[in-house]
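What follows is a set of structures to go through.
Next come two complexes, and both contain chain A; in the first it sits with chain B, in the second with chain C.
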Partner chain A sequence: MAVASDLHFYVDAARCIGCNACVQACSECDSHKGQSMIQLDLIDALRSPQTAPVVCMHCDSPTCAEVCPADAIKRTEDGVVLSARKPRCIACNNCVLACPFGVPKMNTEMGLMMKCDMCYDRTSVGKKPMCASVCPSQALFYGTREEIERLRPRSQAIQTFRFGRQTITTRVRMLVPREAPARLSVTDGFGDPGIGHEVDEDVFTNIFVGRESA
Partner chain B sequence: MQRGVLKPTVYAFVATAVLGALIVLGSRNLAHFDAALVAYTFAILFATFGLTYRYVMWLQRPPTRLYWRRGWRLLFARGLRLRRLGRGVRRVAADMVANRFIFKRGRVRGLTHLCIMWGTLLAAAITFPLVFGWLHFAPVPGDLSLYRVVVFGFPTFTFPIESLGAFILFHGLVWASFLVIIGVMLAMRRRMREGGAATLQRFAEDFLPLFLLFAVSVTGLMLTASYTWMKGAGYDFIAILHAITVIATFLWLPFGKLFHIFQRPAQLGVGLYKDLGHDGPHAACRRCGAAFTSLAHVHDLIAVTAELGYDYRVEDPAAPAIAALGATTPPAVEHYQWICPPCRRASLALAQGRLWAGVRGGDTLAVAAHPPSARPPTPRYANPGRAEGPLGDEDAHNFHP
Partner chain C sequence: MPVPDPENLALLARFGPHRAYERDRREAPGADEHLVKTHCCFCGQQCGIQLKVRDDAVVGFEPWYDFPFNKGKLCPKGIKRYLQNQHPDRLVRAYAKDASAREGFRALAYDEAITRVAAEITRIQTRFGRDAFAVLSGASLTTEKTYLMGKFAHMALRTANIDYNGRLCMVSAGAGNKKAFGVDRGANPWDDLLGAEVIFIAGANIAECAPITTDYVWQARERGARIIVVDPRLTPLARTADLFLPVKPGRDVALFNGIVHLMIANDWVDRAFIEEHTVGFDALTAHVAEWTPAHTAEVTGIAEPLIRQAAELWGRAKTSFLMHARGIEHHSHGVQNVLGAINMVLASGRIGREFCGYATITGQANGQGGREHGQKCDQLPGGRDLANPEHRAYIAGVWGIAPEELPQPGVDAYEIFRKVDQGEIRGLLSICFNPLVSLPDNNFIRAMLEKLEFYVAIDFFMSETARYADVVLPGSLHEEDEGTVTQVEGRVIKINKAVPCPGEARQDWVIIQDIARALGRERGLTFASPEAIFDELRVASRGGVCDYSAITYAKIEQQYGVFWPCPDTGPDGEPTPGHRGTVRLFEPGSWNPIARGAGPFYFPDGKARFNLSQYSPPREEVDGDYPIILTTGRVVSHFLSGNQTRRIGPLVDHCPEPRVEVHPRLAEHLGVIDGDWVRVSSRRGECTVQASVVRTIRPDTVFIPYHWAGRKSVNQLTIAAQDPISKIPEYKVCAVKLEKAAAPADRADLEPQQ
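What follows is the complex of A and B.
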């Protein structure tokens, strides 16, 4: 079985509310029970509630697979980059450090790299990936192009990313404004802080003062 | 012939010729060579050619070649030899002998692999020297109750034929086949019951080796049963059947999953590289400033990705922004490899969020002012309990904060 060619994975990190449902759901997956492959980070834990959910983007030319000395990472014909093949992975960390999206996770105890395989056990039989099936804000969405166009009329889905001089195209798509360029330069985000309000007043004092004055 | 093909071919010919010469030498000009086993010998010679060819081909891949060279160089590097040796011995004992890392993936999986591995290794240790004529048993002149073990043509120790030791020794392949059959049964059980395994497994890659090992073990046991309890009934037929299964396994060795037997020791070189990287100078992320791996690893990956045709050099559009953060200007990014994985993930979301700022809804997406003279902090897992899960302490090992 193969993943249906009209079904796509859409990521809209700006919609993420950091609820962790994807993380919990991911760890239910049959192929890596009890371990979550999704990467959900607080960008600036002290100053911003912004979270970044990152799944494997399933690159057309996966750097992780190319730098693997053991030839352990395989890309299926339907474009899904699978987790490391267990007999081959020698836990060298090359993929962890070379993936431009920072996706693979290394388990040193098991001597094994594990990464999101777009729930291949589910998607190859027509089901949604675990994370997309539970995401309440649809930051992670799995469906057809028509569905996403209807749901997000102001968005366009891009598959091209720039990392300095390197351009990477992916199977997984990211939603950006319709008027934005069709490729995202990731390095543009280096200097930005997390999105959020500055808490420059003491909230509790204000409440107290407010009540007194009333 | 291209150089990429010529080199492995030459190495494969040389390795096969060396093994052939050792067979002639070890069997004393084929005097102790058992002609009945000639088909096995040629299958092993073919496997040697195929394995060497694939191994050398594999070593030509840029990342593999790099680790191969680094591994050997570090092994023979000056200083800290005892400490390195100690770590190496521990690694061999834990990973190679006891399969600790597979037990961490699951107790039954560990047991499965241990049974198959030690069963096949034991069988190979017994069969190969016999097939090559390197080992044979000769009666001791004057005392027919004793056997002498002759290795490479040199007589060694003697032992009584009718003894428990002799029984265990002569039935070595029976014990090996018991181990293999137990392992294969456990592996098949997992492959038939686990949904995750069911999706990813392939017949040629995952089932064929199990079928071959099972067939070799069962036909081998049938031979023992035939001559022990059935007065040799059907022995010739079973012997041919057994030979076919064994030869098929050897011929399959260079192509399929069993090639990992020869790849896996590379883990030791990688371990050495990581150990020394851990002790040595570390690379700091050029976004958040945290150490995330060894300096050598970053330099090596920059070289390897360039050789593979990737160009992750960064012309630093953010240099002014980074420079504006502090009085002491952090080094320019220069290459994407200098960014730690958490900062890569954060940068993806931040770059996307930057495009949405002002489009989606005013204040909530406005970029908050950053305090001057501070680097952006290292992103943290939103759910350390679950997101890291059993993968938790790997970040400590791998430096990722």
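What follows is the complex of A and C.
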């Protein structure tokens, strides 16, 4: 079987709450050998609780596969880029260095590059990937375009990315705001109270800090 | 009695906490793998989950997409909860304290242990009176077990002194709800979030403590909802809120009064609703007159423009949902905080309709059901009162005893330990409760555990508290028993058994009945199954506020849960066995057994009550010696006292130890950078932890999560001040000082979760 062509993986980092459910669920996928292949990035812990889940974007022309000297990385007919094949992978790290999204990781114990395979054991038989199934914030979503358009009227899905002179088209889609979201002015007399990813230094500006005698 | 050393390595080696990992159990292949539909064992959301079972072991999970509340979603705790099964620390024998054994305990045959427990209960009650033996129960137990615990204490032991760990959790919300609405249940299904114009979240770190609710909030925002978050910390949900109100800990009710003040001043109130459905608005108007924006800003530490914006957003909304949790409830005026929040809801008139909601977010698995059926110190089943003669007579009738045989109301969970101190309570039975970690000022609790003449703990792991027990009885894990729980929305759902108890471990209801039989007091405690207990509970709840009488296990399965009240008898006495439950409370024209048609609220006149929500400062204010506010709470990877989650390897790895959150300005003042060790001390104790320097907390406040034991327990520092009405402890505010410290002496022999 193959992954249905009308089912897509969507990432909306703005929804992420950093709960780690995706990381914990990934290692429960039967074919993942107890390894988690999803990364949860803490953007800047000092300034914000913003986190972002990093899954493989499953590029149409995967850079990881293109730079692999051993031809170990296979992209399936239905557009899923798999972990390196064990008999071929020489653990050279080329893919790790080349991926513009920073996805592949070298498992040094196993001498094998492992990466998100969109839970191919599940998605190829009609099930949802583990991370998108459990994600409490639905920052990770798996479904049809019609579903996402109905559920996320304020977002648009993009699947083309530019890195310098390289343009990459991906199977996984990133959700970004359809337009600047309508917001109240929360800045009157207070500075920016933490809207967006960075908590302004002045959020707590009017707060008295302890006693100076401390 | 010799006291166990909490860092006794032989004890730790034998009983843990050790960390279990998935590879430990994937090695054993088996053919008969199957899935069991049940719910998570942790928080009050009670997400549906399918446990993967092979050879009588839980080996994994599969999302349960059809369960309507969470539709397959799970937080990291639910995902890894299967690792508690077949755990090397699992108690499969009974144990007796034995000072001559290296690990402090020797194994005991189950029957011998039961005989010993019964003999000690008899000795203590004969010598010191029935109330000298106390019972501490828990709100993570199924409702059947909580009913049985109440019946065991009130009818078999006939002690007044039973209480439960919901005392640390749900009681401020419960008391506030009863005062305002006459009933204690989240008023709305979560679907009512999906259409609310404004969502007001006060003192609830939803992302970490109720993660599954996040998607409801985000989905509401997709439909245009504005989100207001009140919290001293900029939580993950606050990050993109429309308004973030960084309240000074312990000042929530001042904010709510200030918002009501502005609602009245601008006529953002629903006069028709107030006139028709409430009592006390004029007195409230006078009461909040002093809460001008300037005064509110001064007390709460929130800038005046933000207070005005919040009041306008809330005041002008046509639909809304207000949610709160322990952040406003864990205070010496926790009930007043809750009443202040409810006043905002009642003044708006936005309740009892679609997309017009109010709820507290329950903490424990059965935070709702566990507070309804008789394990609270003043309660009888069906939400009845132990002090009410009619209620006593009804339950005595169900139980086949004379009302005089029922004890009078006893004392709360913390007061039970004070009575140990006073010598009034000599013996204790606990189940589902780890007070040495979870109660405030826990050095006092340790001393009281040492002082008890006899203490028996029922648990599936050797909790830190159980280490002080004279006898430990091996109880059942969540997946080893069946029964019902009532989740955050008021939906009664079914926990299903996946595997049998290992070794000599027994289902908790079996253990309690075995003790009753050994005491010669088994009358009324000879149930053959949880369903048999549930059938009696249905009768006991009939006609009460929490009426379960038309709920059956079959109906729960057919409907994916049944919302109470679900009475089997209608207003005119006609049988209504097909009642489908009550999804939303307080709908216009709805009937309840108190108002009997007079109105939708649970008072004789059917009207809701405005209460004069009084602000009072926290019990312990900061001063020159202790200049910083300490507030406590949870992290996403652990649950409550950590007795389960500190044994699950991937969860420990994600969050191995507590850290103290410090604002950069305070850190600079202390000369501390991220990762430095800091000694945090209060008048009661101290704790040395590493600093997380973050801009997301008020500079006058530090935060430490409470899931750890011993030297890492923040409850060494917290204050045992309690709300005078609900008796909830003030976990959210006490005064501390911070000093840069050296790393604690290297304990390479201790693992982080120990």
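Quick note on the criterion: the second predicted complex is superposed on the first by the 178 of 214 C-alpha atoms of A that agree within 3 Å, B and C clash if a C-alpha of one lies under 4 Å from a C-alpha of the other, contacts with A are read in each partner's own complex, and residues count from 1 in each chain.
We take it that a residue touches a chain if its C-beta (ideal position, glycine included) is under 8 Å from a C-beta of that chain, and two chains touch if they have at least 3 such contacts.
Every value quoted in this text rests on a predicted model; they were computed, and no experiment measured them.
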| item | value |
| --- | --- |
| Partner chain(s) touched by A:Ala91 [first = chain B, second = chain C, both, neither] | first |
| A:Ser48 touches, of chain B and chain C: first, second, both or neither? | both |
| First (chain B), second (chain C), both or neither touched by A:Gly34 | both |
| Per-residue touch tally on chain A - higher for chain B or for chain C | B |
| Touched partner set for A:Phe163, first chain B, second chain C, both or neither | first |
| Contacts of A:Ala2 with chain B and chain C, given as first, second, both or neither | neither |
| Which of chain B and chain C A:Arg154 touches, first, second, both or neither | both |
| First, second, both or neither for A:Gly18, with chain B first and chain C second | both |
| Doubly contacted residues of chain A, that is, touched by chain B and again by chain C | 14, 16, 18, 20, 23-24, 27, 34, 45-48, 50-51, 154, 184, 186, 188-190, 193-197 |
| Residues on chain A engaged by chain B in the complex (per definition of touch) | 12-14, 16, 18, 20, 23-24, 27, 29-36, 38-48, 50-54, 63, 66-71, 82, 86-88, 90-94, 96-103, 105-112, 114, 120-121, 124, 154, 161, 163-166, 174-177, 179-180, 184-198 |
| Touching residues on chain A, where the partner in the complex is chain C | 14-21, 23-25, 27-28, 34, 45-51, 128, 130, 133-138, 151-154, 183-184, 186, 188-190, 193-197, 199, 201, 203-204, 206-211, 213-214 |
| Residue ranges of chain C touching chain A (in the complex, touch as defined) | 21-23, 26, 60-61, 63, 65, 72-76, 78-80, 207-208, 211-212, 214-215, 218-219, 221-222, 226, 234-244, 246, 248, 301, 303-306, 309, 313, 622-624, 627-628, 636-637, 650-651, 654, 663-666, 669-670, 674, 692-696, 698-700, 737-738 |
| Chain B to chain A touching residues, read off their complex | 58, 61, 63-64, 66-67, 95, 101-102, 104-105, 194-200, 257, 260, 263-264, 266-267, 270, 273-274, 287, 292-293, 297-298, 301, 304-305, 308, 310-318, 321-322, 324-325, 333, 335-337, 339-357, 359-360, 363-370, 376-377, 379-383, 386-387, 389-391, 393-394, 397-398, 400 |
